[in-house]
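We just call them A, B, C, D and E in the order they show up, numbering each chain from 1.
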Amino acid sequence: MINCVQCIEYLIVILMIVSAIFAVEWRDLLAAVVGMAAVSLFASIAFFLLQAPDVAMVEAAIGAAMSAAVFIFAIKRTERYESEEEGTGWWVRW
Amino acid sequence: MISAYYFGAISLILIGLYAILTKRNLLKILVGLSIMETGVNLLLISVGYVSGRTAPILTEGATPQTAVDPIPQALVLTAIVIGVATTALALTVAINLYEKYKTLDIEKIRGLRG
Amino acid sequence: MINELMIIIFAPLLAGVLAWLLDIKGIREAIGVIGAAIPLAYLIQAYQTLSTQPSIQYSIALAGFKFEFLLYQINWIFAMIAGVVGFAAVLGMVSTAKDSYEWLFALISLTGVLGVFLADDLAGFFIFWEVMTFASFMMVLKYNRKASLKYFLLSVFGAYAMLIAIGIIYAKVGALDFATIQQVLYQDAMRGAFGTDTLFSRNEMILVFGLFLIAFGVKAGMFPLHVWAPDAYSETNQSYTAMFSGVLSKAGVYGMLVIYILLGTRLMYEFGKFGAAPKFGYIIALLGGLTIIVGGLLAALQEDIRKLFAYSSISQIGYILVGIGVGTALSIEAAIYHAVSHALFKGLFFLIVATIIYRTGKTEFKDMGGLAEKMPITFAMAFVAILSLAGIPPLVGFASKWLLFEAVIHENMPILGGMIFFGSAIGFVYLIRFTYAVWFGQRPTDLDDTKDAPLPLAIAMGILALLNVVFGIAPGLVAKELNKIFGKEVIGGTIYELNLGFGRYNGLLITIWLVVGLVIAAIIYFLGAKVRKVPVTDTYQAGNPVTMEYNLTIRRNFFLPLKETLAFWLRISFDRLYQDIGKWIEDLAETMRHYIYNGSVQAYAWYLAIVLLILALWGV
Amino acid sequence: MVKRALAIIIILITGYWLANALAQVPFGADKMLVGKYYLENVKEQTGAVNAVTAVVVNYRGFDTLGEVTVLFIAATGVAALLWRKKRERTAKSEGSVVLQTGSRLLLPFIMLFGAYIFIHGHLTPGGGFPGGATIATAFLMLYLAFREYEIPHNVFEPLEGLAGMSYVIVGLIGLAIGGYFLFDWIWQTWQLGHANIGRLFSAGFIPIIYTLIGLKVGTELTGIVDNMVKEPKEGGQ
Amino acid sequence: MNPQYASLLIALPLFSAFLVPLIKRAGKKVILPYLTLVTLIQTGIAAWAFKEVYTTGKPIIVLAGGFQPPVGINLYIGHFAALFVLIIAVVSFFMTVFSMKAIDVEPIDKYAMLFLLLMLGATGMIATGDIFNLFVFMEITAISAYALTGYNKTGEASEAAMKYIILGGIGSSFFLVGVALLYGSLGTLNLAQIAMLASKMNPTVAQAALALLVFGLAVEAELFPLNAWAPDAYQASPHPVTVMFSAFVVKAGLYAMVRIVYLFKDTPAFMGILNLILILGTLTVVIGELSALRQTNVKRMLAYSSIAQIGLIAVGFGVATPQAVDAAVFHMVNHAIVKALMFLAVGYVAITLGCPCIESFKGLGKKMPLTAFAITVGAISIVGIPLFNIFWSKFRLLLAALQVGKTGIVALILGASLVEAVYYFRLIHAMWFEESKDEKVEENLAFSIIMLLLVALIIVIGVYPEPVWNLVQKAATDLYNVANYIKNVPLLGVSP
């Protein structure tokens, strides 16, 4: 039986995973950071659903907001795009 | 069959690990680490969850018998802060590296070897 | 708490440290000599004690070990070798040592070797073995890095082999002292003989024996582990080499005896006998025989005095190993006898070499000649040493070689006998060069104002030469002590006579004959032999014109034809093999570290992932 | 591509292993051992209603002290690694008017909100960490809005140190009074506020410590932001 | 005196670190003397705790907040912890003195804070009795180590820090997963209680949890192949910090790993994990020594050597007989002394002559005789020559390993020791018997005293190991005897 709460659970988990994959795969680092923040936010909702409001708050405030902010500052001081070249891998070319 | 949260948590950890193993951009790797940490936190909280109980805030209506385990929550509180601290420091190092090497490609940052 | 054994062992160490710390010229020499004299004095004193009681014991608990020291007949003899030759070498060092560094390590190595001889448990044995190795290594390191590392690596390789063997024994027996191990292994052999399960399996016995063989073989300079010896013996203070070759190599010999003492019965049970010799002993003997031949041949081909004696030393140790390997009471006594005489004459030789180098600064034959006139005392010493090494009565070298020969032949071992015989022959071959090229013949002009040996060296040489003569004339002195080992008359006879039942040798008689012969010769000489005095430059050439490439004088490439004959065999060099292995390992290490620590953090992350994978696979 | 495939294989196997192990830790089941004790005794032992807060500040006070330290290290580390002789802000443009006015207007409210969060930590969800982060957000907005803005360093740095020191001192007072480090002397020795569990003035030193933590976290996060924003001046290496 | 005052071991460095921003106002010159003072007081406290533990024979249990474990967190300052906390404090004290000359990169006040917190973290890791608290202290150690690694702000330093952060981050994440599994199946975090309940644990979970915990800690403990960050970090961090890494930070990680592994003595996974540690330890020794062989940077060479020694200690713990653990703990102490000396001396050479490359060491015996002498003694000791301290522990360790029939492993280790001898003796030869044109350098008195002190310690332990050996045996028993550990922690009766 799938009730509504479970629907939300599944939805959140799926969203979380999808945004994590996006965060990893997007070449625009800014977008990736946003994806990462989204993961944190969904996790925060999940925490809430898991009856952990304290953690949810901390995750939202620190895990999502602050770390995204720090990431963005770092991107600003370095570079925004992951370079395109795909290496052959460390075991081929030392 | 494991629960959705366990699945999600493990997936996050592994996606983070995947990023570390395959991405060459330093910031991307740090994003991976960050996602990994989120996954671990989610795992800890899910371990402490007890079905059908409420948050461990013992105001009216909530008794010790109807609250979830507070310990994992306290642990995760700590873990999150530690995670952010690590991330911040790592990003600082990344900034320094970019200043010195003019790149974030870890395949090119290989001054120390052998 | 303070026991004479303690003093014997640690007096040189303390003296060495003191000499090194004070570092005042004059005082450090005095301290060093005193430090070497104290053990000798105590050892001589211990002779008295040993005649009333079987042994002197001392034990100390340290770091969870109980170290046992025991002085009894066998190791008293060895310790005496160390004491006498060590003292002589230290006296020699008074002249040749340049700084306190050498005093420190020379004396530490004396401590080490004394500790090895006196230790009665494997832990102590190993520790002093390491001390000895390390100290002698430091002596070489100062002169030559490559030689010293070769020496150290092989020695420590041997020491570690010994450690593993000790560990295997310890794991089974649960004790480290000789008495318990001997007893347990003896019982084990008995158990095997009665067909019950033994403590050690056959493979373990092979392993233990092999490891010990490597360990002691390295130190003794046994073929094919001898490659360090020529370099190490020649690349250090030559006074010290007297001790190095005379005493430290005896530690390896002593180790072989320890194999007999501890494992003998068990090994004999496991592998059986080959003729009269135990099979395991025969391996030692055979390797010893090869050592004689290889050492002797290579000694003949050397152009450097130090190298010549280094190889000669290897060759002589081969005799001792043969004696030990044959494993009868007589052969073991003969081997120990030869250990004594080798220490005496080889110590003397190296002191002579030290004197020559000290006075001339030259080491190669081509730069020398005619020194007999300039250094008469040294020459007299050399004369004794040469006769002794060559095995000419009435010197100690003859007595021991004769015993050894008799012991081997008596057991019907023609191969070993042949090897010994060959070794003696080749001994003449290289000695003739030393005799002529250094002392006689044309003297290079730059050696014209060479002085004779300095006093300390002269005294040191005198001590050893005297003993060479005394033990040669009165071989029974040594034989008496050797008989005490087995507690029966293995070598019969009186002080002047050795009587084996199937052969005898009377040192005094021969001396008398010799003296009589010499007197007659002198009379003839003085009465009218016509001696024509020729200038040393008066040499003649016949046949082919001489080119520099093929100029075979006694001083230069004298045995080149021999070398050419042996060319095929000389290409097989264990030295080069070991060097190749070393280089190969270094290259491997180089490549490996560049591959493993390749600088990419992603690769490092992969290592983590792989470990994780292994953990996961183990879990699933 | 090989790398990716290998990575995925490794990850799947590891994941299977973890999942296998986690399957033995049933989700949603009551696995409490120590946790039960906390829930049952939290009110009389600490006076806090929010059990998480009690655990964080009281029962597992060492962890929290360590946690604050970790953040402190991060802030220090960031400052140490980004230290240059001369630095300045290099924002290209000011924030929009809306942002500027908004942040100016909102600043006191956000800070008040942060303060509320950490003061009421023992009653409601929240506490020092989110409270501190909220305060830091306020300053973050100021940084975004104004090109020239800088926090008053000579206030923030000592404040950061002082807050930490006070935390340790509170713990040391506990050691002096109660005989244990981080002992809740206000609640257990002085027994203040036992009457009003569930209201603001209760729960012993939890509000004090959470305030300190809030201040500390706020200043530290702000410090991190400040250090990240400023870039080295040309030639000022 | 109230044994609870041992909590000052944690409180003092923390308080002093927080005080630094205020001290800074009095001027930059004050900071390093202040640091020295603090570590001196810390040494005093540690000495007191040490004396207390070894005279009463009972561990000090510090209860945070007055709650009995497992409700509250406890610090367990047993024989092992007391010994090591003292070592940490003493080494830190020496390093503060060293820092006065070695650190010239700004900002010095941040350096002081990070330094104190690194010391704090290692102390906490060794003292704590709670697994999550262990994680927190591990992170304190790790994060301050990251920051200190990158402190020089050169490209190399940043690179090393980056590697350390990424690998350490992965490690600590998985450690936390292990904690989650452990908590999920036992419901407690107290180490003593975990040990008590471990045998009842589901074997699958126990295996996974233990494996993950070991994985996480092995990164800190520098076991191959999880140690790839280590040589870089050792090479690039400021010299005093390198000393601290080698002398106690890595040992704290190793200790934590071993402590946790031994708690699981009764689980089926125990033997497997021990074998894993054994294999990893052996690999660490072999590869560490081989990598050190042709290094031209002496500091990096020492780093590899240090890693190899750690591997040796791990082998001792992996053998896990009482004798082996005794020997391993002894080796830990000896290695701390020797490597402190070595890195100190090499760092001193590097700051005096410009770089820690082998060229600086040519003819060092003429240029800086005392330093060269100290390095020589250290090198001889590490190679394992009798009459120097490491010989005893190495010898005992190998005998203990042989006793349980690990002949192959011992043979490999001994082979690696040969390699070690080669590069150390090359160094010695370069120092004393090679020529160099440079002038003699005036050696700093304070460093000379420290180095001579350590040299004296090496030789004294080498000649007469008895007192230290007795201490070490007690410490090792504390580590090995888990039943006693459980008994010593006053657990509240919350368990069923």
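Going forward, a contact is a pair of C-beta atoms (placed from the backbone, for glycine too) under 8 Å apart; a residue touches a chain by one contact, two chains touch by 3 or more.
Keep in mind that what you see is a predicted model, and the values were worked out from it rather than measured.
Peer 1: Going by C-alpha centres, which chain would you call the most central?
Peer 2: E
Peer 1: Look at the interfaces B-D and C-D and say which one is made up of more C-beta pairs in contact.
Peer 2: B-D
Peer 1: In whole angstrom, how far does the Cα centroid of chain A sit from the Cα centroid of chain B?
Peer 2: Spacing between the chain centres: roughly 10 Å.
Peer 1: Using mean CA coordinates as chain centres, what's the gap between chain A and chain C in Å?
Peer 2: Using C-alpha averages as centres, the distance is 74 Å.
Peer 1: Can you check how far apart chain C and chain E are, centre to centre, with Cα atoms defining each centre and the answer in Å?
Peer 2: Once rounded, the distance between the two centres reads 44 Å.
Peer 1: Roughly how many whole angstrom separate the Cα centroids of chain B and chain E?
Peer 2: Spacing between the chain centres: roughly 27 Å.
Peer 1: Touching at least two other chains at once: which residues of chain A meet that condition?
Peer 2: Where chain A meets two or more other chains at a single residue, that happens at 52-55, 58, 62, 66, 70, 73-74, 77, 90.
Peer 1: Could you say which residues in chain E touch two or more other chains, in rising order?
Peer 2: Each of 132, 136, 139, 143, 146-147, 150, 153, 158, 161-163, 166, 170, 177, 181, 183-184, 187, 189, 204, 207-208, 231, 291 in chain E touches at least two other chains.
Peer 1: By the touch rule stated above, which residues of chain D touch at least two different other chains?
Peer 2: Touching at least two other chains: 3, 7, 10, 14, 17-18, 20-22, 25, 31-32, 34-36, 38, 50, 52, 60, 63, 66-67, 70, 73-74, 77, 81, 125, 127, 129, 224, 228.
Peer 1: Which of the residues in chain D come into contact with chain C in the complex?
Peer 2: My answer: residues 7, 10, 13-14, 16-18, 20-21.
Peer 1: Applying the document's contact rule, which stretches of chain B touch chain A when the two form their complex?
Peer 2: 4-5, 7-8, 11-12, 15-16, 18-19, 23-25, 27-28, 30-32, 34-35, 38, 41-42, 45-46, 48-49, 53-57, 67-68, 72-73, 76-77, 80-81, 83-84, 87-88, 91-92, 94-95, 98, 104-105, 107
Peer 1: Looking at the complex, which residues from chain C come into contact with chain D?
Peer 2: 609-610, 612-613, 615-617, 619-620
Peer 1: Mind listing the chain E positions that touch chain B in their complex?
Peer 2: Going by the criterion above, the answer is residues 132, 136, 139, 143, 146-147, 150, 153-156, 158-163, 165-166, 169-170, 172-173, 176-177, 179-181, 183-184, 187, 189, 231-232, 235-236, 291.
Peer 1: Could you list, by residue number, the parts of chain D that touch chain B in their complex?
Peer 2: That would be residues 3-4, 7-8, 10-11, 14-15, 18-19, 22-23, 25, 27-32, 34-36, 38-40, 42-43, 49-52, 54-56, 60, 63-64, 66-67, 70-71, 73-75, 77-78, 81-82, 123-125, 127, 129, 198, 217, 224, 227-228, 232 of chain D.
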